[in-house]
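In what comes next, subunit A is part of two complexes: it sits with subunit B in the first one and with subunit C in the second one.
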Partner chain A sequence: MYVIDGLLQGFVTAVSPGVLPYLIVGATLGLIIGIIPGLSGHFAMAMMIPFVFRMDPAVAVTFILAAHAAVAQGGGVTAILFATPGTGQNAATLLDGPAMTENGEAGRAVGAAMTACFLGAFFGVFVLTILLPILRRVVLLFGPPEFFMLAVLALTFIAVLGTSGNINKGLIAGALGLLLSFVGMGSVTGETRFTFGILELWDGLSMVPVLLGIFAVSEMIHLWVEGGTLAREATDEHPRALQRQIFEGVMDTLRHWWLVIRCSAIGTSMGLIPGLGSAPAAFVAYGHAKQTSKHPEKFGTGTVEGVIAPESANDAVEGGALASTLAFGIPGSSSMAILITALIILGVEPGPKFMVERLDLVFLMIWTVVLGNFVGTILGIVVANPLARVTFLRGSLLVPVLLTIILTGSFVIHSTWSDMVVALVFGLLGYAMKRLDYSRPAFIIGFVLGLMVERNLYLSLKLYGSTFFMEPLSFGLMLLTIVVLLYNVLKMLKGKREGYSLGS
Partner chain B sequence: MAADDNEKTNVRVDLVFCLFLIVLLVVFFVATLGYKPVTRRAPLIVMIPLAIMLVGQLAVLVNKIKKTRAKTVENSLLPKIDAEKLRKAVQLLLWMMFLLLMIHFAGHVGGIALFLILFLRFASHERWFLSISLGLVVAAALYVLFEVGLKIVLYPGAIYGYVSALIWS
Partner chain C sequence: MKQLLFTRCFRRIVYGALVFFIAVGLTLGVGAVEAKSVKDAAAFYKGKVLTFIVPYTPGGGYDVYSRLIAPYLETYTGTRVIVRNMPGAGGMLGANEIYNARPNGLTIGIQNCVGSITNQLTEVKGVRYDLTKFSWIGRMAINLRVLVMRKGSDITSIQELMNAKRTVKIGATGLGGSTYVDAVITNKVLNLPVEVIHGYDSSTEVDLGMLRGEIEGQWGSYSSRLKMVKAGEQFVILQSGDKGKRDPRLSDIPTFFEVTPSEKGKRILSTLAGMHETARPIAGPPGIPKERLEFLREAFYKAMHDPSFSEKAGKAKMPLNYLAGEEMLKLVKSVLEIPEEDIKQIFIQAIKGSI
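Now for the complex of A and B:
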């Protein structure tokens, strides 16, 4: 009963004149930041913290969370239209979004992505509302061995997404990403690794320039080398046609409601597990959609399911991440860590007591995620139209302009010139990987999970010795990893027998 | 025939890339040997399967090239990498390095404006008017967005630092 009362009270607060304007402004800023390559949800939230010191906690939390909620929508728009993920969580959208743009279906992809984002977020907070009382027991089952095995499972999932069914190349890319994540000071001993005397590498390779290099700079090189426009097969440039496409995309998402629910469930469950974040969830959802599809061969060539799956998952993650953050004070993602910081600044401490004493804030947050996503979706659909028209510009104009924005995006996170060099170097690596069919998503996921893998491996060995993987849950995850890998290797060998080869 | 040539080109480039990754792995492996056991544990755990997979990939590629050579004398002459594409890729790489240098010396706003004007005029062959106006508009928009809107100080550049040091001294 208290849930229904709380939801009603939360909704009334969220739409009250004192809060709603902050929600709209926050969501708008989040969308804009999401559109700019390199500026992530963490950046949006961190940027807002200095402005909320004197605000009422309800207003402040709404402002920050609305921005964070809308970031993925902005990132989705640029991932689809420019093959440049505005944020890391939209990286999986690159697998089919840009291909749809190339097929002249940019509007359809954006419409589908925006609707999937909103529905995914709605699903996430719906589950959060229902499961709050029992979440604690589930999350506390996960210790270092389980986290380690989960990371290995996530990487295995990603590797099987390697194009042309080449699992070997997918695994190479994932392992390479993991290896490069170890550059800089070791997370356990503090000893510097693989810096080769370069001072700028002591802090390691920053996530944002690496991501921008692998996905954005490489796309610019590709566009420049191949020539033409981003929308190569576009035929109809009229705004009404684009609006029709957007509407078609919205209807596509509603038609694939079962896929949305399944991928949102994946996102929400992965969001519950602290540290995994939305990027792996989006890739796992994509993998799931591909494996369960009747036409998996169309994935990667511009199918709408390939956009719906990751977009619904990456927003559903927030519901799960918010649950563990609020209930246990354990941040489900780096953005949630910033949210915790903001709450502490405002004099509110998340954790079990928070769930009892500030239930009003919990339900306000739930509504903020829903309404923030709704505002982001509406704005995203409106902004998509002029942005979609930009994709018809010729590459010779777009490449230099986007390059300057991308390099500026890689600079602003740490304000270091060397980050732009990193973006450039990884741009070349990304271009080579794109051309030779090495999975760039696998590389990025390996890179993101590196720190978590090392830390949990260390803790597992310390706590349980070398047989840590025999712990019941981690053993189950290991078995699942082996099954996934074997299934896909056998599938590939079967396919090879029928005509497609391992090395191509 | 063109698709066949393209595939052979890819195999050739793939082989070079695979060799590059193997060299990188060897360099990392040698560096790892100098670290403490705990520091090198995670990298080594990743390196071992990576080495096996790279060697496997190399074997597959070498085998492919051998098969292609065995087919006919004509086919054994693997096509060279598309010269035009390579030229364009190198051209863009040089322009990107130029952009970094411009930002380093002239600062973010000045460097980007200068880069865009020169790139649009000489690489994209746009008219002077479009090159100058687009260059200035984009640089101004980035300044307004980051410096004014988001309060992020963009890189001022070495020249600015040198001039301001002269003025203040």
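Now for the complex of A and C:
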């Protein structure tokens, strides 16, 4: 049982005095970066590379990965309190988190989100650990046909994510997202699409500025127009009350353990798709929670499940993203690419032999994700308290500051000015969508999956011909897609008969 | 109409800014003593900020190369080097930016020269540079290109591939990218029974495809393939070589010239090899004062030959192949000025994906 042995050894290394301080410092840095809108785990890791040149590989891995692990917590706090995604992966938390703050339940939302983050991450690496002996085979099960089917399955959630009963508006928003995802140089045809001669559009619209625009800038416009404060309900401002709420939120998550497990499973499996990132997984998990909920109409108005679902999924993604990184040294996400760069600089060759030769590091990484998330969760709960007081400030004071931070955040990712323009333009679009009740999550799902669908469909057709969906796994995924769609259609028809429509 | 108005406004702002900068530049220029020798150039650079443009996002190969050499450029120029990432249009935005910067010698940058060459050859809209006019400072590295096959493939040498009776699938990233162009050009010259499957997002995704077995091989730079080769998952069957010779690390693998019987084929391949020899150069905008350019070239030479720099680069597995600025210019010219029109057309077609 080398797994148990390795786990024990990994734990001992992780809490040893030479490593633990780095883990805590790393997680703290990660949390801070997560709190700042636009700065992501990817950025946190890139920033830390210069510091690790002289470190021992074990220490360096802990330092970098802990920062990456805690980013989601920081982002979650920002999403809930300031209606701004701290990082791209927290965008789905915006659907119910800020609404809870508005209802005076900020503490509860933060407590629930932080706990969900930790449990999600734990689930992800737990699955990863179980799969370690057969990890290579699991990763290789997924090729273009499977990615295509997974993406299509995720697209069907557009139907559920409509904010109103009007499914047409959801579809329109999803189609708009798909359309905009095609901006830029098509890898299949080599042609530039919808770029209007603007060079800045050649590489496509990048996700973070679009997310920040659609969700954060639009909220700022909304807050500015409406006036008032982020927390609309007058609540007990006493710190004790907030602590009580946080505790309540923690209990909420534990009570919804089954939902946490299902959403984490969604996150982990979507983490296997290279380069997809965690935002879509969070939205799909949210859609799933809404779909299976007994009271879907409450989603979007500040229900705690709407926070638990995305937050558990977005951290569970790490388990999946780590899989191909560990099994083959092939990065599953941009953050993992940076981790691999760091390892190479330190003289550790991440690759197929890594799992055999540096198993100690593998288990250390697993523990770092768990412990880093744990530290992040605790710190997230701690900082929520003072940060929550800010939400009682008048909007006219808050908007200029937040908007500056948001725009800086959208600039920093690629250090391009055009990304700020993108954030502003999509801010206007997001505001219009909010006012006219078009589903922004449906838009985002379409936007992040469009290229994925196109590329993998093309590759599948080229590689396997027109019957590519008959491969066993992709066939299974296709059946699942059909079932989900049928289920939704039936539910909708039934709902119509009973006089209310889905999700209204 | 709105668009027009916007462009006009934008243009006015840009022109305004230009006039302002030129005015400031003139004032400063008249005030400053013209640098006449390298010594004066050293005095000019001392304490100034040297902007170093990287046309890609942080974390990529070009970025790592730049950040590795930046401190050494600081040492040998006496400046403070600021690395600026300017990604966009597959590196073209950054190349444009370098070319159109003020030629005072305080803005230089690295570029993906293979990409720059293909863009200029196919006269892509948006190119605002002429590679033959850059102030070349020198080259950091070449791309040694290799064709790798997956472990377990029954094709174990280039001869076997040339004589294969079935179609062999080779993966590539975007249309017109180097993994694609290398594959179609060698296909054409060597008449290989290879089908190129492009559209993968990155070469690491092609790696996964090779591991799954849906793809049998791919073209790539040797440094990026090294990991998989060392792990025994992939093996090299063909290389582009360095100046037509086998690379010492791959002394038992033939170069593509060795397996090409026709003279014409060799000429096509030497253009391809020349492209990859340009690879990762550093340049400034045209018109940098001569003594400053000389000073930069010297500083770059010293930085590239600093033992602690090469040690760091070696540790990070980033090969270095220094080439002087003057030589770099010759190399670029020799690649761009393809004498035979039909060879030029082959490249243009390969880049545009119409072969």
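Operating definition for what follows: the second predicted complex is superposed on the first by the 477 of 504 C-alpha atoms of A that agree within 3 Å, B and C clash if a C-alpha of one lies under 4 Å from a C-alpha of the other, contacts with A are read in each partner's own complex, and residues count from 1 in each chain.
Here, a residue touches a chain if its C-beta (ideal position, glycine included) is under 8 Å from a C-beta of that chain, and two chains touch if they have at least 3 such contacts.
Computed from a predicted structure; not experimentally measured.
S.K.: Just subunit B (first), just subunit C (second), both, or neither: which does A:Y458 touch?
M.R.: In the superposition, A:Y458 contacts both subunit B and subunit C.
S.K.: Between subunit B and subunit C, whom does A:L199 touch in the aligned arrangement: first, second, both, or neither?
M.R.: A:L199 sits against subunit C, while subunit B stays out of touch.
S.K.: Counting only touches as set out at the top, which of subunit B and subunit C does A:A432 meet: first, second, both, neither?
M.R.: After superposing on A, A:A432 lies in contact with subunit B but is clear of subunit C.
S.K.: Could you say whether A:T189 touches subunit B, subunit C, both of them, or neither, answering first, second, both or neither?
M.R.: Both partners, subunit B and subunit C.
S.K.: For A:I80, is the partner it touches subunit B (first), subunit C (second), both, or none of the two (neither)?
M.R.: In the superposed model, A:I80 contacts neither subunit B nor subunit C.
S.K.: Touch test for A:S415: subunit B only (first), subunit C only (second), both, or neither?
M.R.: both
S.K.: Touching A:V225 in the superposition: subunit B (first), subunit C (second), both, neither?
M.R.: A:V225 contacts subunit B only, not subunit C.
S.K.: Thinking of the overlay built on chain A, is A:M149 touched by subunit B (first), by subunit C (second), by both, or by neither?
M.R.: A:M149 contacts neither subunit B nor subunit C.
S.K.: Using the touch definition from the top, say if A:L485 reaches subunit B (first), subunit C (second), both or neither.
M.R.: A:L485: touches no partner chain.
S.K.: Of the residues on subunit A, which ones does subunit B touch that subunit C also touches?
M.R.: Subunit A residues touching both partners: 188-189, 415, 458.
S.K.: If you look only at subunit A, which of its residues touch subunit C in the complex?
M.R.: It comes out as residues 42, 46, 49-50, 139-140, 143-144, 185, 187-190, 197, 199-200, 202-203, 274-275, 324, 328-331, 334, 337-338, 341, 344-345, 347, 349-353, 414-416, 418, 455, 458-459, 462-464.
S.K.: In their complex, what parts of subunit C are in touch with subunit A?
M.R.: Residues in contact with subunit A: 57-59, 64, 67, 84-90, 92-93, 96, 125-126, 169, 173-176, 197-202, 204-205, 207-209, 211-212, 214-215, 227-228, 230-233, 315-317, 352-353.
S.K.: Within their complex, state which residues of subunit A touch subunit B.
M.R.: Touching subunit B from subunit A are residues 36, 47, 168-169, 171-172, 175-176, 178-179, 182, 186, 188-189, 191, 193-194, 196, 217, 220-221, 224-226, 396-397, 399-401, 403-405, 407-408, 411-412, 415, 417, 420-421, 424, 427-428, 431-432, 435-436, 438, 453-454, 457-458, 502-504.
S.K.: Going by the contact rule at the top, pick out the subunit B residues touching subunit A in the complex.
M.R.: Residues 7, 10, 13-14, 17, 21, 25, 28, 31-32, 35-36, 38-43, 45-47, 49-50, 53-54, 56-57, 60-61, 63-64, 85, 88-89, 92-93, 95-97, 99-100, 103-104, 108, 112, 115-116, 119-120, 123-126, 134, 138-139, 142, 145-146, 150, 152-155 of subunit B touch subunit A in their complex.
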